[in-house]
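Letters A, B, C, D, E, F, G and H mark the chains in the order given here, with residues in each chain numbered from 1 onward.
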Amino acid sequence: MAKELLKGNIAIAEAALRAGVDAYFGYPITPQTELLEHMSRRMPELGRVFLQAESEIAAINMVYGAACTGAWAMTSSSGPGISLMQEGLSYIALSDVPAVVVDIMRGGPGLGNIQPSQADYNQLTRGGGHGDYRCIVLAPATVQEAIDLTVLAFDLADKYRTVAILAGDGLIGQMMEPAQLPPMRERSRTRPPWALTGARGRPPNSIAAFGLEAETLEAMNWRLQAKLQRIRQTEVRCETWLVDDAEILVVAFGSVGRIAKTAVREARAHGIRVGLIRPITLWPFPYKPIEQAAAHARAVLVVEMNTGQMVDDVRMAVCGQAPVYFHGRPGGSVPVPEEILERIVELSKED
Amino acid sequence: MAKELLKGNIAIAEAALRAGVDAYFGYPITPQTELLEHMSRRMPELGRVFLQAESEIAAINMVYGAACTGAWAMTSSSGPGISLMQEGLSYIALSDVPAVVVDIMRGGPGLGNIQPSQADYNQLTRGGGHGDYRCIVLAPATVQEAIDLTVLAFDLADKYRTVAILAGDGLIGQMMEPAQLPPMRERSRTRPPWALTGARGRPPNSIAAFGLEAETLEAMNWRLQAKLQRIRQTEVRCETWLVDDAEILVVAFGSVGRIAKTAVREARAHGIRVGLIRPITLWPFPYKPIEQAAAHARAVLVVEMNTGQMVDDVRMAVCGQAPVYFHGRPGGSVPVPEEILERIVELSKED
Amino acid sequence: MDEQIAVVNVQEQLVYARPRALTEETTNYCPGCTHGLINKLIAEVIDELGIQENTISVSPVGCSVFFYRYLVLDGVVAPHGRAPAVAIGIKRMLPDRVVITYQGDGDMAAIGMSEVVWAAMRGENITAFFVNNANYGMTGGQMAPTTLAGQVTTTTPEGRDVETMGMPTRMAELIAGLPGSAYVARCSTYDARTIRDARNAIRLALRAQMAEAGFTMVEFLSACPTNWGLSPQGALQWIKDTMVAYYPLGEIKVSEAVQRLKTKR
Amino acid sequence: MDEQIAVVNVQEQLVYARPRALTEETTNYCPGCTHGLINKLIAEVIDELGIQENTISVSPVGCSVFFYRYLVLDGVVAPHGRAPAVAIGIKRMLPDRVVITYQGDGDMAAIGMSEVVWAAMRGENITAFFVNNANYGMTGGQMAPTTLAGQVTTTTPEGRDVETMGMPTRMAELIAGLPGSAYVARCSTYDARTIRDARNAIRLALRAQMAEAGFTMVEFLSACPTNWGLSPQGALQWIKDTMVAYYPLGEIKVSEAVQRLKTKR
Amino acid sequence: MARGRIVINLEACKGCQLCTTVCPSNLIRMANSFNSRGYRPAELVDPQQRCTGCALCAIMCPDAAIEVFREVKVKSQEGSAAEEVVLVVTGPA
Amino acid sequence: MARGRIVINLEACKGCQLCTTVCPSNLIRMANSFNSRGYRPAELVDPQQRCTGCALCAIMCPDAAIEVFREVKVKSQEGSAAEEVVLVVTGPA
Amino acid sequence: MQVSVIIAGFGGQGVLFAGLMLAYAAMDRDLYVTWYPSYGPEMRGGTASATVVIGDEEIGSPVVLHPDAAIALNIPSFRKYEPLVKPGGVLVYNSSLIFEIPERTDIQYVAVPANAIAAEISDTRVANAVTVGALAAVTGMLPVEALIETVDRHIPAPRRATVLPNQEALERGAQLAAELLKQSSPSALPHYER
Amino acid sequence: MQVSVIIAGFGGQGVLFAGLMLAYAAMDRDLYVTWYPSYGPEMRGGTASATVVIGDEEIGSPVVLHPDAAIALNIPSFRKYEPLVKPGGVLVYNSSLIFEIPERTDIQYVAVPANAIAAEISDTRVANAVTVGALAAVTGMLPVEALIETVDRHIPAPRRATVLPNQEALERGAQLAAELLKQSSPSALPHYER
């Protein structure tokens, strides 16, 4: 298929369609609204379910219900809406049903603004609701990657029966880039055996995110943890670039990853030995690759569009092997390559 | 004043009254409901405001409104309810108004159960909503400390104009212990200058958790960060016990802290050199004291009533100086001293 | 006349048995709690309509959190108050299944107000069973939206003051007032007659859903002897004497389509 | 007859000025957006009642997020849909202040349904100004609860299908049906007469609040020329020709207490 | 008058006494013993076989603990009527 | 007929044209120039002084950009009436 | 020095109040004490328990796996706690409802026909106090007089009518235990005689 | 090799579409390109901008602080971007609405009476295309024919009526720039002639 000039939000929506999403439930919020709007047109066209929910809380619970029938269901939102979904996500996570959530992050806290940001790192990667769970979190840096990771999100959600979140920042949602969409998948899925479809000729299925007795719930928790451990072991993804000889290691995700790349390229042109690690899975976090790369680094620079939410993870990965610095722009400001380059040059001069 | 046999929930409610709370808004949820119930009787008695809200979302937003008038307002809940408050908390945090939230934690994720747990560590300490903010989080280990920290929560919330959370686990909420309540404070507070009271003879005040332009919101974010940094520098609290010569360092908070204490005492009786650090402020986290204590430890054991949510913080504090082990009981199970002792003995045998 | 003489035997016949759609498990409900009775009635109607293998339940958070298990149905437990949204997610995927929610008054009328209003507003083809016991049962008897004026609960120690807490919520009337609701009835289970009426209402609501008439709801005035501090019998009496006066029983809304069903049978 | 002859001068008098309670700042509203007009009317009434220093505003999330700044009042911006809850928090602390909320239709009728229903149910003494422009303005014209049947929006490209999305929400009627509401009116601002009626409704709502009559609400049918794809004049015409037919103007509920106020003046 | 009989599932009974209040002939009372869940179950005391199988008790029982049998006159052509109804029995008999 | 005059705040005007549609004498039109926010403001074109100060335009203006003055006959006892109303003027004149 | 007691039974049997009697008595004697309730998944009814830990130093864990003593008011509680009581500990049980055969030899069993005795006094609602009285007497952990005093001091106004029956029940339980003690040796649990 | 352009103006001036013309033309020539929109706090109206980065290698940052070229369609945009354009870069501006006096000497100014020209063609709505045509011609970054082709290829069915006016506007802008170029030297920006 040929490349098209695609806006991130539309590309994600279209990728979800092609991956095989059965149902979309959502509520408007900038900067993701085009995704909702695209779905409102395309889902009915394809004979699938689209419903504009009355709120984000309703949306995530509709997703929960649809997912319980074995369908591939999704929603999309941005920071404030994701906050409202936390209880629902916590239920879904313990229920072992698959769901995909797209978060096109904007400035926070509070109402914040509609400019690009990465202010949701903590609430996405720490299992922002109550209880011991995590969601898979995928962070694309280009429109093409947004497409690819959307498809992956469905496959991972399905494989592990869990929540997979596509964490785009406002840049990814709003920008256009030539990209190639995958072909429309054949949808011949059969309902999984655990799905709620009416107990026809079999004992009833039930889905319940609780265990009133401590022993029951403890066992459910350890089972969930075992699954999360499997995901940690198999699903870590990141891009490493020029790290082999890097004395300075830049760590940045999402569109900051690509912006940092420009800075790294220019720094290399200045003769500075600098490399880049771009986590693609924010959870599970690429601790190992960063630990290894940090082993021979003199300094690690984390760059984010927030006040340093990923720094904890990087510090844990680096584990004291090198000092960890931070450069960040919260509240909707986007760092430009120049300022990152400046920090790199600064660090290269320290000894 | 003499000691009384007090249930944690009641003690916290009564301490809030004596600290000077002006308004309480809440919604029932086990295991904190006695707190709400106590307030329903006592607040009207004292001529203060009590309102049973229709939901946790309404409750936190009523707290927001009341706090905007310069009042001391509070709510209380447990895991699922706290999840629903995340958007509101994020707004309050950026608004620079004081608020106190009590979370009596229960088993999670999802509906979980009503047994004691520490399943909300992440959502409380990571600024569970969207954006770059943190709340002060205080974790009592005894009913007496619950009283003292409740008073402190109000004072800190007021001092820093921020959210202070009292994070009790279900044990603290449900158990009774003799404890002493503070005397009723004189309440002669004047409305602070920023409060919304009607713009009488002054320009209007406004409170808004947003900045539509990136520059504005970025500046607001850095201002908030500066405040958080001040809190980090001045408000760290923890209990250290027998750590000076400890080869094994146990880190546990809340009621697990006291349970671990019994185990440590017994281990000492067995001649094992073990000490305990009990974080009292979960945020800001006592990184320094743990780092120092870990400097001469052979092993660090984190014990929690969850699957290890505090471990990240401890690992960052220990920073590779010693291996960090974890013993946890999620889902409402409570670790008993025997099992902790067992782990300590195990670790003491490894070399 | 026919010469044949019929041999007439006296046989013992089972005239009332536990419905098949009701599990054999003993419930967690308190003695005399009419949640049990309502569960049983729903099971009876499901048996009668033969839709057990075609029905999916959505349970609330509250004393009836195990509804999904007491009824022999595929089912899920929704977060507190969100049963309608979860049910909508299910129904939109499987429009030919019967989807039912079961919610307490705290669950539906307090935290879940938005979800149920929206289900009714959109005329979602689901059936809500709404159990109004005038308090929050599971959490120990706090004021619910439906708590009567002056009623003492653990959070209204002086009785519900309608000046500060508002008048009790008449959910059936509220839902009936919305455009998408097709059938709304208020029932109780305090005697054989009200039980029969309740069973009829349940049946009609489910038939209406099967006929895609829109949102249907049956409200039940239900006893919570434990938190009311009354004996089971006293609790039923209180419903009859006190609750019914504020919450009148009967059909509150019958859309034309449902009216046709009714006459058709 | 009196012998004195009055000296009659012709003087120029300012007969219409920008209200004092309205900031001098230019708003962010689009050209022809009647949010501006409604803001102005509210400011005029606040001037008239002399309550500027006694009034606290709660703004929504939506095009009118800056309402707190356009009106020269103490004010706060509530999270999306939660203005009533925030206003209740304020009012319960300061019962002698006038507390007003200003909400769009997405804000109040969709995500904020529960909060506003509950404010009305409890008869909270606050006044809600509800701006019904039949779509989500700020986010670019998606379907709102109030979007008319068949109306094309960015999320109803084929027009709102009431089969799947339900009938448009008549908030004024819904709120009027709840026990705690004292005064509910629906107005518009498409001509001098409707503007006058709107001003009267605003005045009565605020006076009712000051008399502690209960929850009051004024709904405005408001133009969103930008997202409707109409000229400002065309947009007003559409309100008059199309919206009013589904959303009748007038007073929907006047409690006895408010009726007394009305006659008293 | 029809003759009937009820079977109370002692383990399912929670001792709420509602059945006792509706029996028109006052034939149900509470046992003196406890079941394994700590409740005092109801029991039929009907020495004179006055139970008509009216089923009011069963209808009223919130715990579906009562089954009701009634004697009916059937034309025994195939003798199958009784068998048929037996199929309805799914609870613990 | 009363005589009137309107003052349009050119920077506040957003060029929505609503005032032009309500003026009974059709005295308002849109300027050819732009204001600093990029809008073409309204202007009063009233060479014959036909404006009656009816204020319909101002009432209609969503941006409170119009002030209306009207000539009135006053008994000049203290000559204060005009002064009083001046106090009402708070917007940019 | 610490002693831990778990009291367990059906929801309605006054398990929590039984624990409170011990807790208040301990507090009145300036001892450290914790009281911790636990409910089963039943809404009401079902099985409940209260754990009371009393000591003369700060109490670590308010929950215990192996209590020094247990009171079982119904069969499920007997079955659950019989194996858990610490060797050398005491198991007081309500022999009006529990007909199990004791299996362990390393703990002391105290069979108290609590319902029967309570019925003699007033009604079965004070069966819990009978067992508490027996526990106190058999272990000596707290003087029975202390409990009797405590009941008087801490039962609040609306329930004053229950003071005397509870006191009598404590007394009767203690008497019974004293009888039993004559036949066997006292337990080795800590005594707080102050 | 990359070139970045920021196009800025009032909301209604077709800023985003102007950027799209460049982006599509680049894509059609198999170049890498990113297009990124940005709005001010106004609901509608207010100031908007589009940033287009074109290159023959993977593009890092889709946002730039110092663009190689800028198109200013209104005064606020002129004021904002004049100081930001890279030395050696180009500032095309709509001289129908902008009467500012250029202050820098290290960039090339291209004054285009875009509204006037657009009005000559059809209406002011294609003023944006006039400036894009001028930018293309003056910088040579993309051949004007490529833009003309692109407009034809990518304007979708419901708006086909705008194809011709846009094409004419591009042409007219380019002609004008060619005139201007005769008087000065061409810019030093990258050209993508393929």
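Just so it is clear, a contact is a pair of C-beta atoms (placed from the backbone, for glycine too) under 8 Å apart; a residue touches a chain by one contact, two chains touch by 3 or more.
It should be emphasised that the depicted structure is a prediction, and the values quoted were computed from it without experimental measurement.
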| item | value |
| --- | --- |
| Any chain in contact with subunit E as well as subunit F | none |
| Top chain pair, ranked by number of contacting C-beta pairs | A-B |
| Farthest chain (mean CA position) relative to subunit B | F |
| Most distant chain from subunit A by Cα centroid | E |
| Centre-of-Cα separation between subunit E and subunit A, whole angstrom | 60 |
| CA centroid of subunit F to CA centroid of subunit H, Å | 40 |
| Distance between chain centroids, defined by C-alpha means - subunit C, subunit H (Å) | 65 |
| Where subunit D touches two or more other chains at once, by residue number | 29-31, 33, 65, 77, 79, 111, 113-114, 118, 138, 145, 164-165 |
| Overlap residues in subunit F, where contacts from two or more other chains coincide | 14, 37, 39 |
| Subunit A residues counted as touching two or more neighbouring chains | 51, 54-55, 57, 80, 87, 91, 95, 110-111, 113-115, 208-210, 212-213, 334 |
| Subunit G residues within the subunit E interface of the complex | 10, 12-13, 45-46, 74-76, 97 |
| Subunit D-touching residues of subunit F, taken from the complex the two chains share | 4-5, 11-12, 14-18, 21-22, 37, 39, 53, 55-56, 58-64, 66-77, 79, 81-82, 85-86, 88-92 |
| Touching residues (chain side subunit D, partner subunit C) in the complex | 111, 113-114, 117-118, 121-123, 145, 163-167, 169, 173-174, 177-180 |
| Residue ranges of subunit E touching subunit G (in the complex, touch as defined) | 14, 34, 36-39 |
| Residue ranges of subunit D in contact with subunit A within the complex | 61, 65, 77, 79-81, 106, 110-111, 113, 136, 138-140, 142-143, 145, 154-158, 164-165 |
